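Submitted below is the structure of interest, expressed as structure tokens.
Naming follows writing order (A, B, C and D), and every chain is counted from residue 1.
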Amino acid sequence: MMTQATYAGVLDLTVGAFLLAAVLIVWRRELSSIVHLLAWQGAALAAIPLAEGIYRGDAGPIVVGVVVLVLRAGALPVLLLQAVGTADTERRESTPLVNTTSSLLITAGLTILAYAVTRPIIALNPAPATRAVPAAFAVILIAVFVMVSRRRALSQAVGFLMLDNSITATAFLITGGVPLIVELGASLDVLFAVFVLGVLTSRMRRTFGGTDLDQLRELRD
Amino acid sequence: MALHFSPAVPELGEGPRAAQRTRSARLSGGLTAALGAVGLALGLSVIFGAPRHLQIAWLLPLVGTRFELDPVSGVFIAVTGAVSISVGIYSVGYAQRERWARVPMAVLPLFVAAMLLVPAAGSVTTFLLVWELMAAASLILVLSEHRREAVRSAGIFYAIMTQLGFAMILLALVVLSAASNSDAFTAIAAHAGNLSPGTRATVFLLTVLGFGSKAGLLPLHAWLPRAHPEAPSPVSSLMSAAMVNMGIYGIIRIDLQILGPGPRWWGLALMILGGVSAVFGVLQASVATDLKRLLAYSTTENMGLITLALGAAALLSSSGAPKVAAIALTAALLHVLAHAAFKTLAFLAAGSVLTATGLRDLDKLGGLARRMPVTTVMFGIGALGASGLPLGAGFVSEWLLLQSLIHSPHDGNTLLALAMPLSVGAVALTTGLGIAAMVKAFGVGFLARPRSGAAENAREAPLSMRAGMVVAATACAVFAIWPALLGPALRHVLAALSTVGGHAAGPQLGTYLRLPGVAGSLAPALLAASLLASVLVALGLSRWGARHRPAPVLAPLWASGSDALSPRMQYTATSFAEPLQRVFDNVLRPDTDVEVTHFAESQYLVEKVTYRTRQADPVEQRLYPPVVRAVTAMAQAVRRAHNGSIHLYLTYGAIGLLIVLLVAQ
Amino acid sequence: MSALAVVAAALQVVCVLAGAPLVVGGMRQVRARLEGRAGGGVGQPWRDLRKQLRKQQITPRGTTVVFAVAPAIAAGSTLLIAAIMPIFALGSPLDSTADLFGVVGLLFLGTVALTLAGLDTGTAFGGMGSSREITIAALVEPTILLAVFALSIPGQSANLAAIVSATLHNPGQVLSLGSVLAFVALVIVIIAETGRLPVDNPSTHLELTMIHEAMVLEYAGPKLALVEWASAMRLTVLLTLLANLFLPWGIAGADPSPLAVLLGLVAITVKVAMLAGALAAGEVFIAKLRYFRVPELLAGSFLLALLAVTASYFLATPTH
Amino acid sequence: MSILLLVPILAPLTATALAALLGWRRLTASVTVFAALAVLVAGAMLALRVESGAHFGVGHLLRADSLSVTMLLVIGTVGTLATWASVGYIDDELHSGHTDRKSAHLYGVLLPLFLAAMALAVLANNIGVMWVAIEATTVATAFLVGHHRTRAALEATWKYVVICSVGIALAFLGTVLLYFASLHAGASSAHALDIDTLLNNAPQLDPDVTRLAAGLLLLGYGAKAGLVPFHTWLADAHSQAPAPVSALMSGVLLSVAFASLLRVKSVVDLTLGAGFLRTGLLVVGLLTLLIAASLLVVQTDFKRMLAYSSMENMGLVAIAAAAGTELAIAALLLHVLAHGIGKSLAFLASGQLQAAHNSTAISAVTGVLTRSRLIGVAFVVGLAVLIGLPPFAMFASELSISRALAGANLEWILGAALVLMTVAFSALVRNGSRMLLGQPAPDSPTIPLPGTVAAALITGIVLSVALGLSAGPLTQLFQSAATQLGASQ
């Protein structure tokens, strides 16, 4: 089927793609292309259990991989695309709080940080999959950074999904995935959460005439 | 300061509601007095009988309650009970006249019950529970007239400060209880000797501040002159005559009995705290023009004297003079009792004046002696007690205090050589200014001619209010003339306080008060009798030649040359106190401003001169605003950090995440 | 306590009653002579009293019983002091009813009665006098009590007889630092308490400077007589006290013979006459202080008293 | 036994289904009340059995022990009060046009769902399932917070969902790491996240990974419990939600999240020793207290004031958990229960004030005690509970927490906490008295008081007083929960 070296190579490739998608999301400003990148990231995420399943000859991970593929590369991005507005100003992340160059530098920094903080995890189980975990961890930090720095409601939703993707990726890499019931529950929660965010985005557009999160400053002390 | 309370507006359907109110007032007052009587009886039975204890495990979740009674609790329970009897009777009439709502009527007996339980508490947790119950009940009572803005602000001030004091006491007591690994006072006392000096000092300082706040001692006294005047008068009486004693009780129980005997600086610290509070309180009282505020500051003064006496007892006891310490301790206890009597009476009388005239401002009172003779006599007895003059309730205890101060050992000890004379000076200044304050209150408030229409139309208080005052007046008379009656009880209490010299033979309170070890005596009853005799002799002397005189006549007073004497020509309380205010200008720092308006034609001609003066509390003005400013600055800084931006909020989360990732390595 | 001691005490009261106007008269006479006037003679106060006692009793309208009994309380409390304190003899039966603190209390009781009477009239002058009087009284109190403290140290007691006998047994201490300082402090206090120059001028009736006289302005006839008598007795009693506390020699013992009592009478008469003369002579040379300078004087006396106590503390022999 | 474990989850779910089918009606609303009551009853019945140890159901997925039973009682009690009050509250809103039938329908569906999610969170034996349930509460309450479709409500909902989801996602990461560690400690993958397995394997868990997991779990569940640094959603959401929902969120949800943290703590402490999470909880708790107290001082909105008071109390609870002694944990649980009831009283009363004034500004409301005795008294009792006055139970719990802190040699922490609590006290008293005391403004509207709200308020007052006097058999339950959580003696 697949040798260990091939498996490790495939794993590196998918995780690399996963991280690359995150970096590109930081770079791009067009909302629709961000969502598309997110779908690609979902695909990369699905590739992790798929590769493992093929490598081990185990049907379980393959099923999980297919579900993840449908959900993260299909359903969720589609849900989000619905929420992308039609107005011109609504389609772009025109003025993020941190400019692109700085964003990319910060992303680089966060990636290095991820390598530093994941040492205990690798130390516990230095398998090929675990060795890839810093990349997944880096995406966690990048996702949080995206949420902090983007002004569009949709961008934040994308950030949230990216965060979720990266945690799932970490789970796949270090444990081969959490127990099924937890995985199902978590996925359901994420689905609903994204649904809620989508509904809220459209309500926001109706009520505020836009999705700039800077408008949400009425509630304070 | 003008304080004018409009009498309550008559309500429609007066008949049934009034009858209802009468019933409620009788029930509430009767219950209060009955609780007081129970407290008095219980207190006395504990003083003379065996200690009792009671444990209720289910009451108060996780903690349970424990009550223990010994003679020290007994004396404080008894005095609270006695005050409550008087106040309970009085409040029957007061509640009707002032149209009290149901809430204060219901809470009044609860307040008394809580106060009676405080000295009975036998464990840290129980003590804190009843302490806070007492505070909460008193707060509700202070707020009874919450529709007035002044009452609300006083209530809030009171609530916050009492909570601050409570926090200090709580901290100190739980640390104490944790350090000795026990909750019960008896067990803590057994372990207290093993505590580290640092813990003991911390607990001492925190409790003295916290209890001092309840007793109205500096620097956390500022609630007292606000809340006591704004509370309804029976409540003021209970607070000023009974509740403040709980602060003293706390100092005695925790600092002197359980933690004691402490190092010498404890006694000195108490003396300084007491002396400064006494002088400060009396200075404020002597320039106050609000009758109830004056009495409230007088409470600070008297609590200061009591604390000074306690400090002297501790210092003398640790300086190897237990007999003299016992005199100081007796002085403190006796003054607690005497103060309770005369302050109850004074506040109740002030309450009668308030119900009759709606006034507390001495500058608008006057001429009540003819209109409210009983109240006037009652206030006179109370004021005489407060001024510490012979025949007054406070005289014997102040005399004992002075005796203990002048009989400290002369062994070349610098500390004593400085502390004792300065204390005598402080006590003397306090007494002197106290006399001035009380002369002002009585002379300006009750004598002379009315300074306002409200005072002009005052009428005497109803029977129950007078009866309540008579009870307190009787107690005053006992303290002034026959303190021997208290001798046996005080002996028992003293014996329970061995850490501050209580084991030594205390002063003998008989017809003659004799002091052990030193020559000195006083016979209040004989003094009173001989004074009466000599006054009669003097009156007889003025009859000399009466046969040759024409019949007595009434004559108008001299109106300084004008046609008729108007009440506006009289000295007011403000003008009466003006010399003192000028003498103590540096301490009191009154806000004075003089505004001169000139005629438009010439600036040499004055049309009008406006003189305004306001006496604020200088300690409060110096000490509290910085604290408030600091808290507000902190709050504003935090507020600016919560500006509503979700990006900022998520940044906080991200920072938290980074910190966790780095720290958890 | 012997019968004679009781008699002696009664005699003390009578002598103070009778002698007080003479003391005042004597002082006025000394002043008059020193100022080059003839003076009304030593008996003039007595003659004034007799005249006033025969006048019509006039009650100002609107005053209460406080106004009526205040003079009697002032006089009565002073009489009681005369009965308690050792004047000719030590063994007054009332000696242990009140010590020096009690005596001070009684003095203040008299002051308070009169200040209340001043307020009771409801006139501008009454209030003004009362306010000033009570202010001075309040400020005097610390000095008095500290002086009492200083005096009580040698005898280990504040009881008057004990202080006096301690001085008799140990005459040297009169000249000790503490004693001298206490003496000066007490003199200042007595001047303030009795309303003499430079604190108050007993012979002025100018509205701006009156203190005591403003307070009792509404009294007339018999009541005025009692007021003046009381103030004369007060002066006498305080001078007697000063004399016997610092120069007790000549005083009879606790169980005296008639001769000793007589000797005591003579001794005290001489001592008081000398003190009164000195006081009167001193008054010739000083002017009244501005009212608001009085506190400075009293603060000075307080300092002296404080020094007196601390000096006694360090210099007294340890007793414990 | 299994049935009893399922009742707290299934009963509310039934109500949800019914409400989804029938829309907002008296019937469905009443069924919801009974569902909440069923949670309470099931909790009480379970309480009688858990004394002997934990019970399991549905293949070790659910767990009933002293902690979960205690939390079930909290959910049941406050749930009953809140759902009961909801009946009149929503009817009143429909009547006055503050909401429409569609929103009411959604409300009727989501409210019991919220209860079910919380019940599942406390009953879960698997910390993964526990996480799923906690995250489900966010989803379930999102539209409840946004029930009033105003700009402010929308803003609050967005912040709530985003901040909470990010926070709780970190908890998921922590859970994953714990799972990783548990697998490597030899647990089978099916049971590696079960609480009893984790407790058994705790000493073998890899300390480095566990430390990372514990930190993330503290952040994550702390977010849901209103602790720093993810506390920023709390005031917005609690103030914008309808009053009964605010009561549930403030009174129960925060403590359910904290109970999850306690679960995790009992495992982590066995691996790392008590020191690690103690430090974390102390820092987080004190900072939360500081922020809550500060914002209370400058508060002008009465619902936000109540929200910050919840934060203050959660800060204190965190500090108590840090002390970790048996007394501290028992006191913490009592605190949570008393706080739940007291906060419901205050929020339900404030809901009526909001309905009357159409505003939540403190300055808009005057003289409540004079205008409506029951609302006034309920607010007073609520505030008295919250500021820890006797005779209410938070006095006893705060007292016990203080004793526990002193006993754990944390005097300085206690001192700092007391100072901050005094600041909070002063703010609450000042603002409360502004609204409650004094003469009402002349144009004050009448305060509506639907019957069920009144009934809930009276019940709450009675419960508060009773709990303050004595916790009765609950004391035993709290103590056994504390022992079971591995509290040091």
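Quick notes on this structure:
Just so it is clear, a contact is a pair of C-beta atoms (placed from the backbone, for glycine too) under 8 Å apart; a residue touches a chain by one contact, two chains touch by 3 or more.
Keep in mind that this is a model prediction, so the values were computed, not measured.
Path length between chain A and chain D in the chain contact graph, taken as the least number of steps between touching chains: 1. The interface with the greater count of contacting C-beta pairs, when B-D is set against B-C, is B-C. Greatest centre-to-centre distance from chain A is found for C, with centres as Cα means.
A separation of 100 Å divides the Cα centre of chain A from that of chain C. Between the Cα centres of chain C and chain D there is a gap of 77 Å. One finds 44 Å separating the Cα centroids of chain B and chain D.
With centres defined as mean CA coordinates, chain C is found 34 Å away from chain B.
Across the assembly, chain C contributes no residue that touches 2 or more other chains. In chain A, the positions touching at least two other chains are 117, 120, 144, 147, 156, 213, 216, 218-219, 221.
In chain D, 158-159, 162, 166, 208, 211-212, 295, 298 are the positions where the chain touches two or more neighbouring chains simultaneously.
Every pair of chains meeting the contact definition is listed here: A-B, A-D, B-C, B-D. Listed in rising order, the residues of chain B touching chain A in the complex are 639, 642-647, 650-651, 653-654, 657-658, 661-662, 665.
Taken together, the chain B residues at the contact with chain C in this complex read 286, 320-321, 366-367, 369-370, 387-391, 395, 399, 402-403, 405-407, 409-412, 416-418, 420-422, 424-425, 427-429, 431-433, 435-436, 439-440, 442-444, 447-449, 512, 518-523, 526-527, 530-531, 534-539, 541-546, 548-560, 565, 567, 569-571, 575-580, 582-583. Considering their complex, residues 117, 120-121, 123-125, 140, 144, 147, 153, 156, 160, 163-164, 167, 170-171, 174-176, 178-179, 181-182, 185-186, 188-189, 192-193, 196-197, 200, 203-204, 207-208, 213, 216, 218-219, 221 of chain A touch chain D.
Those residues of chain A that touch chain B in the shared complex are 97, 113, 116-117, 119-120, 141, 144-145, 147-149, 151, 156, 213-214, 216-221. Remark: chain B residues 58-63, 124-125, 128-129, 132-133, 136, 143, 146-147, 149, 152, 155-156, 159-160, 163-164, 167, 170-171, 174-175, 177-179, 183, 631-632, 634-639, 642, 646, 649-650, 652-653, 655-657, 660-661, 663-665 touch chain D in the complex.
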